[in-house]
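The block underneath contains the structure these notes are about, expressed in structure tokens.
Per-chain residue numbering starts at 1, and chain names A, B, C and D are given in the order in which the chains are listed.
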């Protein structure tokens, strides 16, 4: 998935604009705590940074969530769960990948069961670099994502829908079986 | 119409049907159905054609056909009709015997309702009682035995009541009982015996222990037993308290805020029954037992109404009995359809069948609405009447028990819905088909009155009003769509219009977006694969509640009876020792007996 | 005649709309207040309007089967229906057409529809959640029904509109029956499923329970339902014990009375809601057995005391409101 | 014009014919008793029709009533005689199943039993009554031991001891009466009873009461019953329950009502009846052996009849007689069914009979019989029980009736237990042969007929009971 096949900006319609405005102001998130990154979430949620200011609240199930956080390295076994959860989220949905591990494997770059690039398997809208990213970086990422949504640039979910087969093929290269 | 026509249509015709359908083999339920339909048609035709008759079969059977009889017969006729319709496709073993016994029970029920003297009442009561016994025997001898013991207990209570009346009047006729020769303290005994006797059929606590077992038999029969025959208990109590004794005699025992002191304990007993039955129903995993306890609980409500005895309460009791006849039969038939298709009784072993059997689900859902008293069915109105009757008299023990029991009803209702029809569909049930058409038709017939009388309660309240005035009570306050108590009232027309409008508002918001249907396994299990997760959470569903109630649940009326009977049986073994088997002892008995006889003879001289 | 009906219907529609709006606003206020209690900034008070808008505007919506649709339809229709039977700010709505018991049972319609939809999803969490919700219902209904009974036998009416009139002419419920009011407020906490009684939707234990499979417009409509039910429950308390906020008799003051009463009613439900929210902000969660034992112990005892008080006053002392 | 004496003469004739036929063919002896009892039943039926017009007196030997022997047949006696003979006929069909030799003696004794019982019912003479009682008893003793096993001998031995003591008492009573009144004709005695010395009267009454009480299975004179019923061959158990017992209780009724009119003694009879019911039913509950259970149940039923007689109102006596008929039919049916069950299960323990009655040819009659015994409508047992109860109530015997009902619940309990076992899903279903199911079905049909349309019998009984109790 080297080139971005979709227009980077979703064409503007008035209705879409309102929808995007609503989406951006009410990001319900599900955080998939794969690794150490989860430790950075409590400060973000609590009174120091308080992400609820922006309408971002943690949700218990992907059905209700708009935003998925993948907070750390992704083992092949975990990936299957991530994909399932991602597919259970409802469009429009956004993914933020935490730290260097989902970008390039990070310190696990030569591990046999850690995937190197999350973007090959599910579309990631935003990466936060760092090992680990500080809460400030997380807050920044949220704001960046909100901006992207507003501008119609965060369209990973459309990408996933359009290139579903390719994504699936990539995923199935990792998984031997889907149903276990 | 003369005596023989009435007797012929309502008693002899079902008897003939019983005889014929025994040889009907597979088609026996259809034959029985035809006979029931004929009596049903006559019931319809003869509405308003009321009168009293006498038939002589060696003993004089005095019959009366009036609005009370008609009202109850309507219930029983519809219920047995749909039960038999259900049985047509239920592939019962020995369907001939089944239909015969059903019709015998039906005959007995008709006879009880028609009778105007105690002899025929008792005769038909026993006929009904043993045919039910044999029907239960088809499933389990032990259950049948439990039923029969209580059936006979009920009959003997009734006979004690009848006997005391007979001592004073020397006649079996109802109207002779009212001639004033019976002193009021005797009435207390009579009424207590009669109420207890009929109360057994209504499964009033502590006489309820037969019910969970009896109701575990074949569903088409149980639907008739619970829906139809248990109403005879209602009828019997209604008749003995308000028709035979009458309000004047009831009030002669003193009144507690306008309610007879004789009726009040039974109302309290009814409220306790409602509460206990409901609580026990919550913990059942066997669908048949659950419905049985629910039936006990619901009839407790009826008992409250009968005990309170105001017009509103009695109207509520009659209406609730009517509703119960329909929704409980419907529930039993629905359970029967599910059991017929899956062969399972345990709620936790089913699940997800609502997607495979949508019509059954809808019918059962409607029955549940009736059971829980959701205002979309007439089940609400009868409960409303009973509550208001208790509240307007300021009964602060009866009313909360009834109210909390109805909250408990939500719990077990949802257990039925979730455990059977919702939740995960099991792999082995993937191929389950919708119930056969006759079953669905049977359920549909039972559903209709619940809906219709919810929209237009005035129709049925009219009949109930006729029943009450025929018994000599004050009429209830109602119009076509509304009904009132002294403290409130409700308008079903407004309710339905408002509900419809608001439902369409909700639908309008709802259909703005399309929804995609996903596989039932596409659920959120924290990303886990569905095959590794138990989808159906119905096993031991109310465990936390059960844990909290555990100290209470260890007391069981059932076990108390067992202890009681064991005590007596041990005594029997002691008595048995008199028959030593030694002829010398026996000869000695003879001598002693002769002496005793002689002494008593001399003494008497 | 028909014009009267239409005006009536329009007014009812307006009140219902306002009720849902107030409900959403209250949810936002609650979030803000909770945030302030927890020393956070919190979202803007209009946040929940955005949330509902977002949910209704979601691109995809999934359902598991047709029974799943029962939830939003019955929940929203039922809660609106229940609201319609509740006098708000002295305006009787439909409460002359049905009484407290009818209202009590109408309140079961949305719950039952919601439970049906939740159960249809084949998610065990939903089943467990509904089980907890029903158990909680059995718990808090015990004191609540006793309270209702105390009111009904004391004011000798089951009709809410009559109850309001009698409270206006005699004394407010909270003055006449303070013990019952306390029990009712305790029950209200469970009825609104606020902490410590948010057991059924416990997000950390059972992934928000019955709501686990709802998303998109389903969740949006359920949010509208819960907004409506906040107003429903608080108004129920206000109608039962605070005279429905009726301070001016509409018979004398006409339209001004309605406006003033509406405002007073709003203040009252706000206060009732704030009590619940503040308790919610600082408490952890009960287990369901604990909730059951709690409700059948203290609030029930208090409610029985209240019932005894009402009984003595009404039957032995002959107080007739 | 049927002479009642034929009812006695024919069985006697055939009884002594059977050895002669037995020389020629053993098989035909069996059919001979069927023929003989059928003939007797027909005669009794014809007699019954005739008696409806007018009472029949059959004077034997040409001596006039106060002196000679007379058979005095009223409608009641005719009905009882008819039922006895009918049941005897039906049981004789079942007799075909009896395998044990010598069949000739068996047939002879059976016919003597029938003859004796019929005679006890028909006779109008006290000494004749005693003679027939002796005939019945002696036939019974032999039949009871007919199986030639330990149980049979023991039972017969007890029966002999108690029965002969009973007979002696009867004889004593008769002697006393004859010494005082110089007559043995019952009507004559009844007419002159007032002239009797009261103390002698009491002794005479007690003796007769006790003596017939043995046959009527009254407590505590019924100790022989379980052993004899258990030890006897199956058809004979059925016959015992239906023939001599009914004859005995009918004799008892005549002693109480026709001869001595002791109204102030009646409550004691009620209590004796209640005790009989109580001990019968309670002990029956403890029995594991089917025939013993039925025997005790039989005691209970007889107690009920005694109670009905003791209550002494028209309704109760009507009920008692009705119950006699119902019990004769019902118990015969149950004993025949028990015979089949024992044969099928090869054991007389109830628990071994799992599922043996699942064949409808046995099952339905068995059920009907049991329900009839329990007093369920529309079977024969209903009216008798109901009338006795109501009669009791009208006399104000509340407590006694309540106790009786309690015992009845026990009765229902053990019958239900028995039914539960025999209808359980068992090992195999055995089809009965014709000699078993034809009597069963015949009896069942009779029970249902009498129960559904009791008018003919009730009409007679009502009249008779009114007459009897009016006289008492």
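Everything below uses one rule, namely that a residue touches a chain if its C-beta (ideal position, glycine included) is under 8 Å from a C-beta of that chain, and two chains touch if they have at least 3 such contacts.
Keep in mind that what you see is a predicted model, and the values were worked out from it rather than measured.
The chain pair A-B and the chain pair A-C differ in C-beta contact count, and the higher one is A-C. Each chain gets a centre from the mean of its Cα atoms; for subunit C and subunit D, those two points are 77 Å apart.
Put simply, the C-alpha centre of subunit A and that of subunit B have 59 angstrom between them. One simple way to say how far apart two chains are is to compare their mean CA positions; for subunit A and subunit C this gives 38 Å. Taking each chain's centre as the mean of its C-alpha atoms, subunit A lies 95 Å from subunit D.
Within subunit B, contacts with two or more other chains are made by residues 522, 524, 526. Subunit A has residues 61, 63 in contact with two or more other chains. Residue numbers of subunit C whose C-beta contacts span two or more other chains: 58, 60-62, 207, 212-213, 216. Checking each pair of chains for touch leaves A-B, A-C, B-C, B-D.
Interface of subunit B with subunit C (complex): residues 352, 354-355, 358, 361, 365, 369, 372-376, 380, 383-384, 387-388, 391-392, 394, 396, 399-400, 403-404, 407-408, 410-411, 414, 417-418, 421-425, 485, 487-491, 494-495, 498-499, 501-503, 505-507, 509-510, 512-526, 533-538, 541-542, 544-545, 547-548.
Of all the residues in subunit D, the ones that touch subunit B in their complex are 157-158, 161-162, 165-166, 169, 198-199, 202-203, 205-207, 209-210, 213-214, 220-221, 223-224, 226-227, 262, 264-265, 268, 279, 282-283, 285-286, 360, 367, 371, 374-378, 382-383, 386, 389-390, 392-394, 396, 398, 401-402, 405, 408-410, 412-413, 416-417, 419-421, 423-424, 452-459. By the touch rule above, subunit B contacts subunit A in their complex via residues 522, 524, 526-529, 531-532.
Residues 56-59, 97, 119, 122-124, 126-127, 129-130, 133-134, 137, 141-142, 144-145, 148-149, 152-153, 156, 159-160, 162-164, 166-167, 170, 569, 571-573, 575-576, 578-579, 581, 583, 585-587, 589-590, 592-594, 597-598, 600-602, 604-605 of subunit B are the ones touching subunit D in the complex. Those residues of subunit C that touch subunit A in the shared complex are 31, 35, 38-43, 47, 50-51, 53-54, 57-62, 203-204, 207-208, 211-216, 219.
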